[in-house]
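Input: a single structure, listed below in structure tokens.
Which chain is which? They are A, B, C, D and E, in the order written, and residues in each are numbered from 1.
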Amino acid sequence: MLKYILIPLLPLIAFIINILFGRNFIKDKAHWIAVPAVACSFILALSAFMNVASGNVININVYNWIVSGTFTVTIGFLIDQLTAIMLIVVTSISTLIFIYSIGYMHGDKGYYRFFSYLSLFVFSMLILVMANNFLLLYFGWEAVGLCSYFLIGFWYEKKSAANAGKKAFIVNRFGDFGFGLGVILVFLTYGSLEYTQVFSDAGSIAGQTINIFGSDVDLITLICLLLFCGAVGKSAQMPLHVWLPDAMEGPTPVSALIHAATMVTAGVFLVARCNPLFSLSHTAMNTVAIVGGVTSIFAASIGLVQNDIKRVIAYSTVSQLGYMFLALGVGAYSAGIFHLYTHAYFKALLFLGSGSVIHALGNEQNMQKMGGLKKYMPVTYAVFVIATLSITGIPGLSGFFSKDEILWRAYSSGELGKVLWLLGTIVALMTAFYSWRLIFLTFHGKFRGTHEQEHHLHESPKVITVPLMFLAFGAIFAGYAGIPPLILEHGDKIGEFLGPVLGHPHGEGSHLEEIMVMMTSVLVAVGGWYGAYIMYVKKPDMPLEAVSKFTPLYNLLFNKYYVDEIYDKVFVKPTLKMSDKVVLGFFDVKIIEGIVNGVPNLVGAFSKKFREIQTGMLSNYGLVMALGALCIIGYVIFLK
Amino acid sequence: MVPLSWYILLSAVMFSIGVFGFLSRRNLILIFLSLELMLNSVNISLVAFSHYLQSMRGQILVFFIITVAAAEAAIGLAILIAFYRNNPTIKVDEINLMKG
Amino acid sequence: MENVILNQLNYPVLSYTVFLPVLGALLLLFMRNTAMIRWTTLLVTMATFVISLPLLTNFDKTTYKMQFVERHQWIPSWSINYFIGVDGISVLFVFLTTLLSILCVLVSWKAIENKVKEFHIAILTVEAAMTGVFISLDFFLFYIFWEAMLIPMFLLIGVWGGPNRVYAAIKFFLYTLVGSVLMLVGIIVLYFAGGNTLDILTLGTVHYPVKLQFWLFLAFFAAFAVKVPMFPVHTWLPDAHTEAPTAGSVILAGVLIKMGAYGFLRFSMPMFPDAVRFFMTPMLVLSVIGIVYGALVCLAQKDLKRLIAYSSVSHMGYVTLGIFALNSQGMEGGILQMLNHGIITGALFLMIGIIYERTHTRVIADYGGFATLVPWYAGLFIILTFASIGLPGTNGFIGEFLVLFGAFKAQKLFGVLAATGVILGAGYMLWLYQRVFFETPNPNWGPGHHPLWDLDLREVITLAPLFALIFVIGFYPEVFLSYMHPTVENLLKHINTHAFAGEGLIAKHLMEIF
Amino acid sequence: MSTPQLFFAYFAVMMTGLSLMVVTRKNPVHSVLYMLILFAHIAALYLFLNAEFLAAIQIIIYAGAILVLFLFVIMMLNLRKEETEKRFQKQWPLGIGIGVVLAVFLIMIVGKIAVIAPLGPYSIDAVRSDGHIMTVGKVLYSEFLLPFEIASLILLVAVVGAVVLAKRKIE
Amino acid sequence: MDMANYLFEMTMIMPEITLICVGLILLLLDLAVKKKEVIAVVGIAGTLVALYATYKLYIFNQPQNVFAGMFVLDGYSNFFKLIFYINIILTICISLKYMTIEKSSFGEYYALILFATTGMMFMASAADLIILYLGLELMALSTYILAGLIRKQPRSNEAALKYFFLGAFSSAFLLYGISLTYGMTGTTNIKEIAVALQSLNIVDNPIVFLGMIFMIVAFGFKIALAPFHMWAPDVYEGAPTSITAFMSVGPKAAGFAVMGRVLFESFGAMQLQWNSILIPIAVITIAVGSIIALAQTNIKRMLAYSSIAHAGYMLLGIIAGTADGLTSTVNYLMIYMFMNVGAFAVVISLRREGFQGENLEDYMGLAKKHPVTSALMLVFMFSLTGIPPTAGFIGKFYVIMEAVNSGHMYLAIIAVMFSVVSAFFYLRIVMYMYMKDPKEEVTLTSSSSLNFALAVTTAMVIILGVFPSFLLNLVRSSIAG
């Protein structure tokens, strides 16, 4: 039992040691604490995976966390199939990225800080996936947000970094607002927050309604939607996607680990985890699917025109996350998780590869100032191509299997599904286009940067390239865990493995259709490549022409549909303005303080007026006395 | 017979005149005189009550009032003189060193 | 005496806790040397803390009854007794009070340089009075402590405070006095209504007419709402917090404003159950407004201390929200949130005091880049920031979650609205943190200009207990929650069984009133 | 109207008139002299009410001592310019108003007053048989002994006070 | 009248006789002895003898009516006498140095204090309106003189003048009231009036009512109830500070003594009527006192208004109309004496040759140089505000309790609200002392007697605040028994 607790605990210990002693003692040896810790976690996770694979589900309660009246919640861990996969994804990628960071962050003055935050993140993420109840999940959920905040704002002296960190946290809070309420509602509905209990009772409330703000709402739908709010925030779905591109202000390993492979997929994990609840509500499922679909095309379209290498990948991430939600929404939970799993590898690879590029160029991120790096950085180029092949869904690589699974599931799940499939296919086309565009702009053609940069161009050191290779391995072969039954009977190992948790969805549709779907996706992948090839290699002038032809569209896309600007104008500015001018300036200062100070001032004014009655002349005094006596006589004798 | 109320009414009128004098005159000495007028009006009513009630109390009280009035006069005029030494006025509306 | 447990220790632990500081204050009268004064005060506060510890360790957590009770005749002609004791709620606040007092002395070690003796006398007397408030079981005694506290507090703000201290001090005093005097009238009415006694426990068992309950509730509300402070009677707080010296702010935020909420729990709830049920919704509304309002104002603040002060308004909104949710989660959350707020905001004020000693400015814009300049300080501050936001793992989360849970359970709308405060809270705190600590360092500071130095040992020691508590409560809140379970359960049972029930009856009485 | 009533009417008219003269004269000396006449009338009224002793001391003390003291002070202060200045204060209309209203109130309230309490032992005959002075004396030195003593104390205080306040030498 | 009876009657007024004799001795002593300290000591000693006499007279459980029912010796009067004694002692203590500075330390000063107090004692013991009147005049005449004792100072002259004229004016009202009451009831004996009211069935008679109103006006004047308070600020400001302290307690207490006695014993049956007068008076008094005090800059004047406000609070006990109510008033008086005289003692200590020390500005930064005096003033100010644990709170608590008990809730609320207003001007003193920087150096005059007075008053203010039981029992047993 202790070994399972150690999985999250080791990174925590690493964090504590590094944060307390890093500054003065450990300094640039911080990785000696962090890397072994997370590596051990990985090993322990593997053993846990083995244990689960042998059919055991581990559910341990460590101690009672909060007890209040009937409300009880424990610190406890559940390691089932879903968790086991997540554990592997998290710890393996973490380990690789930790190692990568040794090289990447070398010489940074916040080196120890970086590793401690990263360790803390791993701890939080592990808590998130290992929790056996909603509140502990929430704990991990918030904690990863915290780490994300720290790491995005790692170079806090840069205003944009500080802003981005803050933005990420606050935008996530919007999601957590719903998530928190959802957790509360779960308890109020089921009387427990434990997964096992909640999910076994899930069906008991089907059809119940709840009166909220005067209208009856389907209870289960409400719960699901509230929980989904959290997922939307964390996984950067519309309309809360705005933080993720900005999050690229953080160091690249962070983008890879947190903002591609692990944390952002927490939302997917959450929905998958709660599949017994979601399955009960069509509305919720459709919402998930639509949000996912819309987000994916929305983000992909933005990615088409971005110039910042990391931002392209970031939008790609958002888009891929949308894919996963699309999968979840059509009931293909295992497909979603499968894509999560494969995506973790190829997206981490993309990020780390871009990190390698950025590192080589001295923190240049604008692709327009790159080009022709192929010959300087062959390893990076190679892994980049692998990752791109994988993400675009070229058969034989991981991405193909998971992506195809999703598209097929979508296609086979009714009319909405067909629409979503179409959407997904278009996204796939776009994905292929911008991914190849990235490669062509970065690695092909002529170098467009400064001479000095050119002079320093070199392949990254081993400590960076080796993890890249490992990831590239994952990007190629991870997908073989889920070969479609169409191709290989019982090939969908992962689907079967997850079956106990996520169920066995079966779409309706013929083999023919399935093959057609598969062919289509391969076709669009190639089509995307071709388009990019034409535009960026064959006819390099074409993009400019296109821009001048479709200027409004280009501007719309380039400016990310002006979402940030709209939020700023509609939410942020008015709130700040209202709090300053209305709440503080008018209500607090004018009205409340006006009364508070006004009453004493009034009394004071009275005082000044009344003291004038005291003229100092004794006849006046006598007059007042006599008048007083008269009033009394008049009042009591004549009026009463 | 003269009814009791006549005396009392006379006393009341004199009392009111005294009050008027007290409130209206400027000269402190006249204010003082008005006070004496008020006291005398009370005395009249007391003696009248005493007479009609066939009780001695009223008259005794008058006796004391006159005594006190004498003492009051002595002290009052002494205060007046002491005051006049420092502030050569006895106009009541000029005496407002302290106010507010 | 069947509903209390007499003091089983062989010394009057509660009396010692209250009167040791008084004794210390008297002792200080005869001292001249400032170092000696400081050390004496420190020793006295520490001794008080140690003496009060058996309250926690020997506490019987299985009962709601008053414990460590002492009772002596005091003013027999009004049947008033010296009657003190603690239950699962008050014992926590005694702990908090004695703990924070030590820190107040420590943090003032260098900050206070004039009228040192008077300052420490004020600290000690305020400690005694605050402890007294929490342990009094006789209304008269309670009121004496309640008001007596104002005197040293008034001086603390007015004598050792910031530039606008006099205004703040007088505002604080009069504001709270207005509330208290109305409560005084309420107490007197209770005295007669409850059978010529001021014994709080006895008064809590009497069934008062509904109409009377309404008026009394309002009278008590006046006192408690001002102290909490609830919207819209909160405006004394920003001034008082801002102008007070660090120790004063800590006392204010840490303990003093808890008394309002404590008053609701100790008096309003058991004595006026019908009124409490009737006023539940208005109270929740005010709480929610307080939460959102306080948070919004924080967004607009330009002064460091003022911002924290307004955040107190917001946080105390959670407290009252939880308490008036009238379920065990809300109430326990509310109580815990009181403790949490004492710890977090207390620590925040300590921190601000520490930095103020170095920079002598409270304007946020004067800061910037302090994470580079004073990294340890920045590190501790971020912990407080997140504790204040209510991040899981810190104590703030437990309180806030339970409160929201309770509120949502009671009335969904308020739960939802209050939860928006969580978003705003993150907004203003993180923005504050960014402006103070992030970005490039403000050129005013740093080597060559105005030297800054990081935390020294005394300051770390001052802060350490609070940070420890933040995590202890965050990870194992049962440490404190376990004390309050029986008490809260009993209180809720009391409200539910004692209320006349019947909304119709309440409505009928209401018609009579208006 | 019977003879006593006619007498009373005369006194009433005279006394009211004299009172008004006292409070309205410009020259204080005139006021004092009007007062003197008023006191004589009052003394006569006392006689009318069978209070010979009081009538006597009204003349002796009030007229003889107190008024003389007043005159003395007026002379001493030598208030010449008094005659050229206003005699009433600014508030005199209010004074009149209050005086009139007070008079109206009092008249309305006490207008119908009559003796309702049980009568005491000092009927006119009883007083006549001993003589007024003797009767007063007897009562004064038995029943009203204590007040008498206090009155003496008051006089003592007056003496002390007058000396302390008005004596010339200071320090 | 046989001798034994006569002696017994003389015993009953032994305290008064003692004070008179001591007063006379002081007058004579003044001629022989130069040192005023001796006179003061003799005066205090005489007061203690009188106190002892009163203590001895406590043996009578029943009220003793002597001098043909003119004089009554009961717990009520005895308790008031206790207040008066303490008042004398404290006043003499704070006067000694002060009157020397004012160059008015006459022997007569001390004698007059004793005579004035004798008058008050007669008032407290008066069982007949004649005694009441004479006692009142004895007190009043003495205090007129005392107020004007600093002959060189125009303010003092003016104070005496105003006090005298208005006092005489109010006496006329009193007499008019007495005369009407006498006319209707045929008696001036306080008890017999009550009997006559019942037996003649004239409780509702407007003439009786009018008589009562006039008496209330006169009493109200002595107590300084609005609107009969107008003299108070001027006189308090102008009079020698020690006499201001004396006046703010003695005559006020005596006024309450007679008011309580007359209203409760004579007009007990007319409680509804007099309540309908006193309630608005109480409200106006509290309001006027508290509000106008806010604008004052002279501390004596401010304390004068404060004393007006306090009179309003005390009136609440009378309004309650029960023995408990009266008890609360008397209790308040006792407490008020300590805190008020204490405050004046501090005011006096600021007075020195060539420096009045009466402006609020003079208190700026006092705490810096004179922490002890400032601390004492702080105690007095908070006590006057009514903040526990000072005695002022006990006093207010009791009267408000009685107001509530008698069903005058709104009065209680008004009273407490105005006590908040009053807090502002008391606090201002504290604020000046502690929170402002001194404008000029203030040196304090102190003397052992003044320190003694300060020590006693402070101690009492705190002790009575924390352990009020002793005083409460004493008052209760005095008034109920």
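We adopt the following convention: contacts are C-beta pairs under 8 Å (C-beta built on N, C-alpha and C of every residue); 3 or more make two chains touch, one makes a residue touch a chain.
These numbers were taken from a predicted model, which means no experiment stands behind them.
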**Study point:** Smallest number of contact steps required from chain D to reach chain E
**Key:** 1
Exercise for review: Farthest from chain D by Cα centre, which chain is it? Let me know.
Suggested key: A
Exercise for review: If you tally contacting C-beta pairs, which comes out ahead, A-B or A-E? Let me know.
Suggested key: A-E
Review point. Where the centre means the average of the CA atoms, what chain is farthest from chain E?
Key: A
Point to revise | Chain closest to the middle [Cα centroid of all protein chains] | key: C
Revision key, fill the gap. The distance between the C-alpha centres of chain C and chain E, rounded to whole Å, is 43
Study note, to complete from the structure: The distance between the C-alpha centres of chain C and chain D, rounded to whole Å, is 71
Check your understanding: Distance-wise, how many Å sit between the C-alpha centres of chain A and chain D, to the nearest whole number?
Key -> 103
Point to revise | Distance from the mean Cα position of chain C to that of chain A, given in whole angstrom | key: 37
Point to revise | Shared interface positions of chain B, touching two or more other chains | key: 4, 8, 15, 18-19, 22-25, 31-32, 49, 53, 55, 57, 60, 64, 68, 71-72, 75, 79-80, 82, 92-93, 95, 97-100
Check your understanding: Going by the touch rule set out above, which residues of chain A reach two or more other chains?
Key -> 600, 611, 614, 616-620, 622-623, 626-627, 633, 637
Study note, to complete from the structure: Among all residues of chain D, those touching at least two other chains are 89, 91, 94-95, 98, 102, 106, 109-110, 113, 115, 117, 119-120, 144, 147, 151, 154, 157-158, 161, 165
Exercise for review: Check the chains against each other and report every pair that touches.
Suggested key: A-B, A-C, A-D, A-E, B-D, B-E, C-E, D-E
Review point. Can you list the residues on chain A that touch chain D in the complex?
Key: 617, 619-620, 623, 626-627, 630, 633-634, 637-638
Review point. In the complex of these two chains, what residues of chain B are touching chain E?
Key: 4, 8, 11, 15, 18, 22, 28, 31-32, 35, 38-39, 41-42, 45-46, 49, 53, 55, 57-58, 60-61, 64-65, 68, 71-72, 75-76, 79-80, 82-83, 85-87, 95, 97-100
Practice item. Report the residues of chain B in contact with chain D in the complex, numbered from low to high. Key: 1-10, 12-27, 29-30, 32-34, 36-37, 40, 43-44, 47-57, 59-60, 62-64, 66-75, 77-82, 84, 90-93
Review point. Once bound in the complex, which stretches of chain C touch chain A?
Key: 171, 174-175, 232, 234-236, 293, 296-301, 327-329, 332-333, 369, 371-372, 375-376, 379, 386, 391-393, 397-398, 401-402, 404-405, 408-409, 412-413, 415-416, 419-420, 422-423, 426-427, 430-431, 434, 437-441, 475-478, 481-482, 485, 488-489
Review point. In the complex formed with chain A, which residues of chain E make contact?
Key: 161-162, 165-166, 169-170, 173, 206, 209-210, 213-214, 216-217, 221, 226-228, 230-231, 233-234, 273, 276-277, 280-281, 288, 291-296, 421, 424
